[in-house]
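Several structures are given next for inspection.
You will see subunit A twice below: alongside subunit B first, and alongside subunit C after that.
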Partner chain A sequence: MNHRFLVLLSGLVVPAAVTWLSTMPVAGQARSVGATTSGSSAKAYTAPRTPDGQPDLQGIWTNATYTPLERSKDVTKEFYTREEALEVAKRAAAQEAEQTEPGTVPDVHYDFTQFGLDRSQGAMASNLRTSLIVDPPDGRLPPLSAEGQRRAAERAAARKSRGGPHDAVQNEPLGARCILMDRNGPPMLAGAYNNTYQIMQAPGYVMILTEMLHDVRIIPLDGRPHLPPNVRQWTGSYRGHWEGQTLVVETTNLTDKFAFQGSSENMRLTERFTRVAEDTIRYQFTVEDPSTWTRPWSAEVPWKKDSGPIFEHACHEGNYGLYNTLVGARAEEKRAAEEAAKKKSPK
Partner chain B sequence: MRMRRAVVGVGIGLLLAAAPVIAHHAFSAEFDINKPFKLRGTLTKWEMINPHSWFHFDVKDETGTVVTWMIEGGSPNQLIKQGVTKHTLAVGTEMVIEGYQAKDGTNKGVGRDLVLADGRRLFLGGEANSSDKKPGGK
Partner chain C sequence: MVESGFRTRTLAFDPNPAGGELYPMRKWLRCALTASLGVTLAVIPAGGQTRTYRAPRAADGKPNFNGIWQALNEAYWDIEAHAAAPSPVLELGAAHAVAGGLSIIDGGTILYKPLALAKKQENYANRLKLDPEIRCYLPGVPRANYMPYPFQVIQGPKYIMMIYTFAGAVRTIYMDEHKEAPADSWMGWSNGHWEGETLVVDTTGFNEQTWFDRAGNFHSDALHVVERYTAASPDHLLYEATIEDPNVFTRPWKISMLLYRRLEKSAQIMEFRCVEFVEELMYGHLRKKPSE
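Moving on, here comes the complex of A and B:
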């Protein structure tokens, strides 16, 4: 057995699992009320207030989880038992810490565990759910609408017409260009690492700093209208208001350059942040986008208190990888052209 | 060292595509799978920068000439949270680095494995806060 795995399992994963089990009452409570999207479990806890009277969401939080967005097709229930969930988490942690096979494409990578980047080495916000999607009830994305299918085909064709993935910097994925990642959203979902957020509140505003890409959403609460429809932004136009203990954030004005799970620029997102315990925010979101899906869908993700500081993820500053990738692609093209020329005119 | 572990089925259903290695870019596009290397180097600088950290090593080539290699590693954010600083790994630390060289053929590579002179794999993560904190080792 892999020695490093043993170290991880004995030294890190198990303590993480113990912490993780201690978080269960919150998830269990959600389970007992059945639906999870209701505010029932929030009634047990009243968040402290900021000086200007807002429910206090401030602090550093993480949404790191092994729970997948969509439920696996061979899982039919909404929640695992604690034992099952623990087993699932252990397996996921082991899988993430697994070493790659030399000479394979996944092996061309640094080792996550050497840098503390596998999730089990950091704070986790685990839960008993088998998927983050809570509606539709099967825990899976709804089918694409007819327009959604057409748009998906058009996007694929457009990608193809732009040439290879490394032909131009514009062809590189948004993440590789340090523009946007899934942690930034919206909606904000965990990736493999750097899943930390800081919330600060001021009179009339809530600010959410996302660790990954060091991106900030400053959400006005004064009821101002959204940006004009012709103004489109990577993370949209977002406006917030309080409904009791819950911060509700509506986001529109997105761009079709960013496709969340294949969404369109018409996506309308409603996020709900409710502090359900001293150390837990329940983050829920609903996606409405008839241009993509046949029906709206919703997900729920716990955020757990984490420690700071958050180091600035100044992605552009150190993104040597983008340069190396493009230079590498040009070097390969040059080699290929030279070989082709040699074949044409052998001496 | 690279033994693979048999995953024992537990009948819970194959959950989780745990998405083991999600980086912010495709490393196989930056580095050449056909150019694996194994180098012995002396650390001269560790850039704890994002999106990925870079180690600088002095490496003696086959003629004895010292050349500089840059080795790409992981985002430092989680390490910084755990108290690791750029001084945690002392300049002058000797390491054996296995990895894959940049596609443009320059002295850059991804550090697939960083092993200390005494044979321990570099492990900067979970034990960073332990009382007997040492640079690397697990």
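Moving on, here comes the complex of A and C:
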């Protein structure tokens, strides 16, 4: 263990994790999406109303979590005990801290500890779940359908034919290109840092601003139809309505350029936002995409009240990393070609 | 507030290389604003009528500006008066030709300092290379408000959000937590308050990278914009903005225009994730060459 790891662990992780656990509901209260409609743990709490009568979801929130989307294969239960959850959080925070080991590439990229970007230092909702996926009950993505398998193979072949990951800007990951990140969704899921959202409500709308990529979803609640089927957007066509305490958002019209866990453009996403405590929103989503999976699947993750302000994330404008990656790759090729030429024809 | 808005960074055309104070700022500003007041009232069409209109109220009793708005003018090409002109891109012919338009500036022209005017002309000459719009960069203020795309206002008592189509730009206007800009940014840091029927937004903390239009009109990071949004009918807003930047302009100047409500029931802000559209333009030259 290096020195900085110890500092982090003793100074930050343990106190944060203890607070985190003390607010945690007991496992038995949490129920899976399939079994929950209005939410049993919401029983004791009724969200205040906005002036136009919507349950009030407004505020700054974070969906930061150490819980993986899929349950680890060596874990067989749905919930950890508090002690186990604390241990898992400690281990995950330690892994992040190791990224800041001086002289390593990740350390040069972002010093998580120094800049307070890692999850252990910010707000995080308590969660005893062993995976975000709650259905299927094994906490893992369902098997790919035949079509899903075929497309996965086609996509892999297409990727290969486009060359190496740094051969052209279009080969780089969407996040590195500042086009779309996990936090933007759909569905909206945490990344390693900066998982901050702001929700505002106005008559007829719910607005969700994701700090990463200053990305905004303005969700209409007036029952208007989806965009025509030929109009496809990176974040799709999204329409919302209230079911009791829960904001339900349906998203369609996605593109085949954005493959969420391998999804297709036919993916239909249903998200449910329920304020279950003053400082917690339960975010649940169900993915239906027969072109990819043999059955629908669902996941949930709590969002925790956080503090603002939200800053401008001008990702594309300051994307020196992308430029330097491509320039570096071309320089490497040039050097390799020169060395090869030298070997062939020594003077 | 005014003094703290100025930066000491040296610009390429630095008008004040010695670094001393150029202006007795407050006096200068007061004189300039007083001088422009008479002009302001005179040039707003139907000024008397717009001043007396009382907007419908939001839940907190303030004028309700929720909605989707759009400017309908040609200022996005050039905020000064300009005749129609060919497209700067030959292949686009008449489809992307410059639409003629009149000035949105009180007094007609921008009062550049001499070196800044030279810079503006250089910007114009090299606009295909330099205009940040071409690269899908956040458009800044006030430019975002009169680009040829709609934007949506989501209004609350603490925050008023302005969400723009172009580049998915966003502004948060802080109505009750006023503070100094914590860092420079493309869209600036906006503090707002109500003056009767008018939403007043004071924005500072800009970087020096945004323009006012496609004609190369520009500013430095000392830019300070004070905007006034006033409902003039249920479906249009009078939009005025005072632009101040002592590094670039000889005195503050003011723009005004109308913003129109998008009334179609189906109106919505469509996705305009333009980063994807400019990648080949910006990074295409870095594509791996096919091996010979």
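In the analysis below, the second predicted complex is superposed on the first by the 323 of 347 C-alpha atoms of A that agree within 3 Å, B and C clash if a C-alpha of one lies under 4 Å from a C-alpha of the other, contacts with A are read in each partner's own complex, and residues count from 1 in each chain.
The rule is simple: a contact is a pair of C-beta atoms (placed from the backbone, for glycine too) under 8 Å apart; a residue touches a chain by one contact, two chains touch by 3 or more.
The structure displayed is predicted, hence computed values, not measured ones.
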{"item": "First (subunit B), second (subunit C), both or neither touched by A:E271", "value": "neither"}
{"item": "Which superposed partner A:E288 touches (first subunit B, second subunit C, both, neither)", "value": "neither"}
{"item": "Subunit B versus subunit C as contact partner of A:E96, first or second or both or neither", "value": "first"}
{"item": "Touching partner for A:P165 - first (subunit B), second (subunit C), both, neither", "value": "first"}
{"item": "Greater residue coverage of subunit A in the superposed arrangement, subunit B or subunit C", "value": "B"}
{"item": "First (subunit B), second (subunit C), both or neither touched by A:E78", "value": "neither"}
{"item": "First (subunit B), second (subunit C), both or neither touched by A:M181", "value": "first"}
{"item": "Touched partner set for A:A329, first subunit B, second subunit C, both or neither", "value": "both"}
{"item": "Touched partner set for A:I218, first subunit B, second subunit C, both or neither", "value": "second"}
{"item": "Contacts of A:E300 with subunit B and subunit C, given as first, second, both or neither", "value": "neither"}
{"item": "Subunit C-contacting residues of subunit A that also contact subunit B", "value": "166, 178, 309-312, 314, 317, 322, 327, 329-330"}
{"item": "Interfacial residue positions of subunit A with respect to subunit B in the complex", "value": "1-5, 7-8, 11-12, 66-68, 72, 74-75, 80, 84, 87-88, 91-92, 94-96, 98-118, 121-122, 130, 165-166, 172-173, 175-176, 178, 181, 191-194, 196, 211, 307-315, 317-322, 324-325, 327-332"}
{"item": "Partner subunit A, residues of subunit C touching it in the complex", "value": "59-60, 66, 136-138, 152, 154-156, 159, 161, 163, 167-170, 172, 174, 177, 182-183, 185-187, 209, 265-266, 268-271, 273, 275-276, 279-280, 282-284, 286-288"}
{"item": "Residue numbers on subunit B that touch subunit A, as the complex places them", "value": "1-5, 7, 10, 12-33, 36, 47, 49-54, 72-82, 84, 100, 102-105, 108, 110-114, 121-128, 138"}
{"item": "Residues of subunit A that touch subunit C when the two form their complex", "value": "50-52, 58, 163-164, 166-170, 177-180, 198, 200-203, 205, 207, 209, 213-216, 218, 220, 224, 233-235, 309-312, 314, 316-317, 322-323, 326-327, 329-330, 333"}
